[in-house]
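Next up, some structures in structure tokens.
Both of the next two complexes hold chain A, though its partner changes from chain B to chain C.
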Partner chain A sequence: MSKYAMVIDLKRCTGCGGCIVACKNENNLSDGIVWSSKITETVGTFPDVRFAYYPTLCNHCENAPCVSGCPTRALYKGEGGLTLHDPGKCIGCRYCMGRCPYGVISFNWENPHPAWRARTETIAQGTTSPAQVAEQVGGEVIPYYNPESAEGYAGIRPRGVVEKCHFCAHRVENEQLPYCVEACPADARIFGDLDDPNSEVSKLVKKFKSFRLREELGTEPKVFYIREFNQGKNSSTKGEV
Partner chain B sequence: MMKKPENRNEAAASELKSGVSRRSFLKLAGVGTGATIGAMSAFKLRSLALAENPKSAAMGEWLPTTCQGCTSWCSKQAYVVNGRAIKVRGNPNSKVNGVASCVRAHLGVPQMYDPDRVKTPMKRTNPNKGRNEDPQFVPISWDEALETIADKIMELRDNGETHKYMLMRGRYTYMRDIIYDRMTKIIGSPNNISHSAICAEAEKFGPYYTEGEWTYRQYDVVNANYVLMWGADPLSANRQVSYYNSVWGDVLENAKTAVVDPRLSASAAKSDEWLPIKPGQDGALAVAMAHVILTEGLWYKPFVGDFVDGVNQFAPGKTVREEDFEEIHTSGLVKWWNLELKDKTPEWAAELTGLPVEQIRRVAIDYGKAAPHAICWVGGGPAMQPRGAYGSMATHALNGLVGSVDNVGGTLKANKVYTQSFPGYEDYLDEIAKEGKSHKKIDQRGTKAFPSLKKGKSGKGVVTNNAADGIINEDPNEIKVAIGYMNNFAFSAPQTERWYRALSKIPFVVHLTTNASEFTWFADIVLPATHHMFEKYGYVKSFANGYRQVTLLTPVVDRIWDTYTDETEIPWMLAEKLAERGFDNLLRHYQSYKDPETGQAPANAQEFALYALKHATHKLWDPAVHEGGDKFNGWEEFLATGVWNSDPYPFKKRWGAMKTETGLFEFYSETLKHALEGHAEKHETTVDDILKTCNYQARGEMAFIPHYEEPALAGDEGEYPLVLVDYKSKLNREGRSANTSWYQELRDVDPGCEAWEDVAQFNPIDGKKFGIQSGDKIKLVSVTGKLECTAKLWEGVRPGTVAKAYGQGHWAYGRIAAEKFGKKPRGGNNNDIIPADYDRLSGSSAFYANARVRVEKI
Partner chain C sequence: MSVKNNISTKYFVWIAVLAIAILAGLFTTYKVLTNGLGLYSANDVIVWTLPLASYAFFSLMSAGLAMVASIPIVFGIDRYLPLVKRAVVLSLAALVAALLSTFLELGTPWHIVAYFISPNPRSSLWWLGVLYLLQFVFLVTFFVKSTNGKYNKVISLIVFLLAIAIASTLGSTFGFVEARSVYYGPFIPVYFLLTAFLTGLAVFMLTTLIFYQITKADFVEEVKTLYDELGKAFSIILGLSLIFFVWMTVTGLYAYSPEYNSIKHVFGSLPYQFALWLGLVVPLTMMIIPVIRQSRWGKVVSTALVVLGTLTISNIIIELGMTVPPGPRITQFPELAAPSYTVWEWLVFVFALAVALLIYTLGERYFELEGSAE
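Then we have the complex of A and B:
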């Protein structure tokens, strides 16, 4: 049995946002919905200012409040410890969203990709309409629709259900890394099996003092953060009296 | 020595592979397609179907191409599924960028499938031109479009006024010479105007007049111990962004990093030192650093040399005798010290720069101690300002002091490549063309006030933005027919309103473009172009990581609409129409681009595009004529790989053999002296008069050394109390990505920015001072224009400045980029408030430290 986890090396992270857009690309996310996101903070006052960036995503908690609270078992713990969602069972009650301490579950209030369903032309007959593009090239609603992510989860989630990150289960199942991991240009996201002591993630969480978001809640997140976004160098000093 | 970009997660991938062969933890399948959305009963059916048909690991394949979202020009692969390009990643065959992809690369996908792409040729039906005149475009056939253009060109030729033809180039591939150079010359015009001077030409000025290289640099950051970035933000822009993102974690392990920028940029946010300098004062900091490095004895002696007696005589305020110092690979150090540096103490610079004395000293000493593996990364910041030529020199000269030029862990030029130029055109110039070509250029380069000293020659460089004034004032002549491609000067060049007037004035304007942009708004004919990353052939050269690559743009999918390629196919098609009208020189020239494999001449536009590419890259892929770098067994293998890598960088090869007047790294630039004297002689005057005319402060010998010049800001401080700090969003595809929702939705990945907003960032001190709060709708007003956007109070901005990213403010381009297409912009375009000013020695437009603004609440 595997226990999949991700380590995010904040020192390597450049805060580029590549993970966010790669995830939207891979999983056909509608405008306004993100599975991979970030928390940013600016602290201090000019000129002593620090900016930090923390990538976020579903923590695939061992004790997942979204799973325990789901009335229809649409959210469930799958193989490898993944927190998965079955839109077929989801009744859209959004109870999970209230219970998730990390705010990483989204709800489809409307028919997804509304902008891509429009039939208006900016320049009559000179340009086309969003709906016509997909009709011309194929795809589903969006012309760059990724059919691979439809293997195991809804390729596009319908109105009235929630949706969330599944560690790109469709890729992991095919022995590929989650797409945010593959797409990270800085190699700041490291994926692997915590049950394997020789995996990179196991080694990294042992080597560095790691932290997880809101550990005090006992959710046992599987996303570990190591090092600091701005780990500036320091010179020796004894201070003064 | 150089670190090859690699995927650190390969280890993790192999772990997955070494486990159970196929995981099947997805017990439940979901709804898959748009067609079944809402049809809940379809779930079980699909689930069943999946169980019966085991899926394949991959539905598509990765095909090679190139991203031109910025000038990084990364070699890429596109993931193609059923004829659709749905994802991109770095080309693993590239030694320059490897598999890494910056964030903007992904935006190429929705850009390709943008519904607002022009899908057919169009013509204008509203004869009136202007910002508020809807062109009322209607679709026409390619034949009608090309015949109309050919008729207009023939009219010029018949009347002996081919010099009134103009070609404007924006972003380009190296197929550019077909349309930019050859077509313009054979028609008979001097007026091929590139965008280069609104890019970063001034950045090349310092390197050229110190080490003889008119080029951007690559930086050996993984072997550096100090990386000092001047108005450069390599994690967002400028340049090889994918590569630098991929190794930045390693850089931070080995090097101290510091950023000189009035704004806390993405790179500054991760650096050891942020030097939030007052705009335009980079030169002051640079010469003060040089002062400290010399007085502290930290210069790199194996490169620069030493005092004859080995005792450091550089002391504040004291001149040094030239004969007491023996230089090795440099020239003019003592002159530089005596003329400029001896009094330029950190205390002097602190006042001007607004930086603490201690920080200036600390950074200078740390930088000097890291010699020779200490990089000054000269970005557009200190260079693309009025008088920026000397900022460029002063900042780059520090690389000379610490011996990092051409050195391990230092600043490098591009490696050698073996691409070749297109066949000669001279035989195809007729008398009309020769006469037409001999006229002066519309951008007034080389005139007394525009030396534009590219590569040491008066008037060799372009003055892109001044072409608008040339057109408006008919100086040197009127322009009657103009073609623009992959450019948008009405948006991307400062003081945009001048371009509205210039383009309105030209009787016949053609635009080759993917989207109907602000430039298109003034066009008479619009020709829809292929998307660079997915629909066309071409090649570009780029460098980083100690390598240079030649990477191919290839048509990885079929064209969506009735489009042709701007630099190759369209010139061919136009040449055919000209030939039909009795002028076949251009077509005959193009027919000389033979397929190197078969010797066959092209018979149509598509063959022409392909043969031209094969010709230009012949020595890279044909083993019979191979000269260096990666070797292929033929064209097909090169095409499938998509990229050729050079040989590794030959470090220190140029020490003592630089292409300057002295052959040395020049702190006193004999090369610049020669160039300035040449320009003065041409105008029968003195160098001092030229400097005065061009608004520089230097006189006499000062003109030839890196030195401090005061910033030249437009606007009275009382009326315009803030200084604009323009910067580039990491999501910009050079102003062409704002029509994607991903661009708008992710805008908050730029530090201190907001999603779906175009914010101007103020320090909270200024917020209080001017009564502005975050979220307020505001107007920024300069001496030349105004824009509307949203205020954001943020500590990462120097008080007294307002920082705002370029990229928004489109009033055309498409439904997302503009709030109302043709009418209302989304946010504001910085170029509406940046005055058209120049660093005249390089011809560059000033984007930084030249606009004072005031803020008004709406």
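Then we have the complex of A and C:
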């Protein structure tokens, strides 16, 4: 039995946001829905200022509060410890959003991709409507629809249900890396099996002091952060009184 | 005394008002089911708004009224038996209003079948659904038996225990949320239990006193004594609620954790000040003064204020845990998010209230809700 995990190397991460865009494309995310996001912090005042960037996503917690709280098992633990979601069972109560300590579950407040559903021409008598564009290229709602994401999950989640990162379960099943990992230009995201001592994630977690978000809650997140980045320099001093 | 002998213009006007409110509610239901919850002011930080507060308010009210209905039978306080039937009907009416509010609060209510085919006994929310189903069945049975003048002690006890379970389990759905310190802990389950009984007593006294006023029914000395006693019990529960509410605030104001900034934020707001002063302090002061407590208008004003205060407090407590955005949401939302309700959210509350009032009105119209057991 695998236990999938992700290591995020903060020294390699440039904060380009490529993972966020890649995730949106791979999983056909609607406007306002984010599975992969980031926490940015700016601390201090110039010249003593520090900027920090932490990419975020579902932590696929071993003790997932969203799973234990979901009244209908719409959220459940799947193969490899992935926290998965079944939109067909989701009643849209949003209790998982309340219970998630990480703010990484989104709700479809309206029909997804409303802009692409419009039937009015973008420029009257000059262009087609967004909906026609999507139809002509054979997409489903959106012209850039990725049908692979529909393998084992809804390709586009309907209005009234939650959705979240599933570590690209459709890719992992086919022995491919999650798309954010694949797309990261700096190789800052490393994915693998934590139960395999020879996997890169196991080695990195042992080699570097790592931290996980809100560890004190005991949720056992499966996203580890290593090598926290700080470009500041300081000279040797003992301070003063 | 039943109103069926006193059908008047006022009655038809009342039914017409309720019908208009229900029609507006049905239109709201159509809009919500076709357009989705985007009609509400909720977002990915403030995930629950007024419809959920409405649900919590009616749910606690129903549990409290079920306690009022069952206590005389469970504890053998026979002089309160004449009050039982009205309390049962009010409890049923409030339960329907709660379920209606939650129906319009769910993103995909038609998936509710998953409650039965894919149950999660680890979830307090799932247990809450089971408890509502049981309570509905037992309240109906309780009512049917009581209309025949038979008060079954076992059914009363089940209704009483279910009421306690519902109020505290509803509290536990918040109390189990470790991710949000403001919710987490045993405070909310206990406070909701207290609030349920307070709201139940308040709604029962308010409704009955208004009924007496409208129907000009005789307020005989025996009944007056009962309501004076209820007034004393109401004062004690009200006092306890005030103590809990004040300590919740003081604990929040005293805390350094940024999550408790929501309490500091809400402390200066108009709803909070309304709930504290007009919803708790003023009615308690009125109830402490014997002349006001014993007067009919004193009871009507203080119970009405408490009912409005409880609705406000339900809303405040639900919002408190969500005001501070979690994780990456802090970069997408203000430091302290706050909703401003849309007209659709208010219509959900009005719809639920109107349906509850219609059920109660029909109950008074077609059943003899006041009487004693044979």
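Assume the second predicted complex is superposed on the first by the 229 of 241 C-alpha atoms of A that agree within 3 Å, B and C clash if a C-alpha of one lies under 4 Å from a C-alpha of the other, contacts with A are read in each partner's own complex, and residues count from 1 in each chain.
As a working rule, a contact is a pair of C-beta atoms (placed from the backbone, for glycine too) under 8 Å apart; a residue touches a chain by one contact, two chains touch by 3 or more.
Nothing here was measured: the structure is a model prediction, and the numbers come from that model.
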| item | value |
| --- | --- |
| Superposed partners chain B and chain C on chain A - clash or fit | fit |
| Which superposed partner A:P185 touches (first chain B, second chain C, both, neither) | first |
| First, second, both or neither for A:T128, with chain B first and chain C second | first |
| Partner chain in contact with A:S106 - chain B first, chain C second, else both or neither | second |
| Which superposed partner A:G98 touches (first chain B, second chain C, both, neither) | second |
| Angle at chain A between chain B and chain C, C-alpha centres, nearest 10 degrees | 130 |
| First, second, both or neither for A:G88, with chain B first and chain C second | both |
| Chain B versus chain C as contact partner of A:K38, first or second or both or neither | both |
| Superposition-derived comparison: chain B or chain C, residues of chain A touched | B |
| Minimum Cα separation, chain C to chain B, after superposition on A (Å) | 7 |
| Contact residues common to both interfaces of chain A (with chain B and with chain C) | 32, 38, 40, 88-89, 111, 158-159 |
| Contact footprint of chain A on chain C as seen in their complex | 35-38, 42-45, 47-48, 105-109, 111-112, 114-115, 118-120, 122-126, 128-129, 173, 176-180, 183, 321-322, 325-332 |
| Chain A residues within the chain B interface of the complex | 2, 9, 11-12, 14-18, 20-22, 24-26, 31-32, 38, 40, 42, 44-47, 49-53, 78-80, 82, 84, 86-89, 111-112, 115, 118, 120-123, 125-130, 132-133, 136-148, 150-159, 169-170, 172-177, 181-183, 185-193, 196, 198-201, 229-233 |
| Of all residues in chain A, those that touch chain C in their complex | 32, 34, 37-40, 56, 65, 68-74, 88-95, 97-104, 106-111, 158-162, 213-214, 217 |
| Footprint of chain A on chain B - complex, ascending | 7-9, 11-13, 15-17, 19, 22-35, 37-38, 40, 43-44, 50, 55, 57-60, 81-87, 89-90, 100-103, 106-107, 109-110, 112-113, 115-120, 122, 137-139, 235-236, 242, 245-246, 248-249, 252, 256, 264, 266, 269-272, 274, 276, 516, 526, 560-561, 730-731, 741-742, 745-746, 748-749, 751-752, 763-765, 794-799, 814-816, 821 |
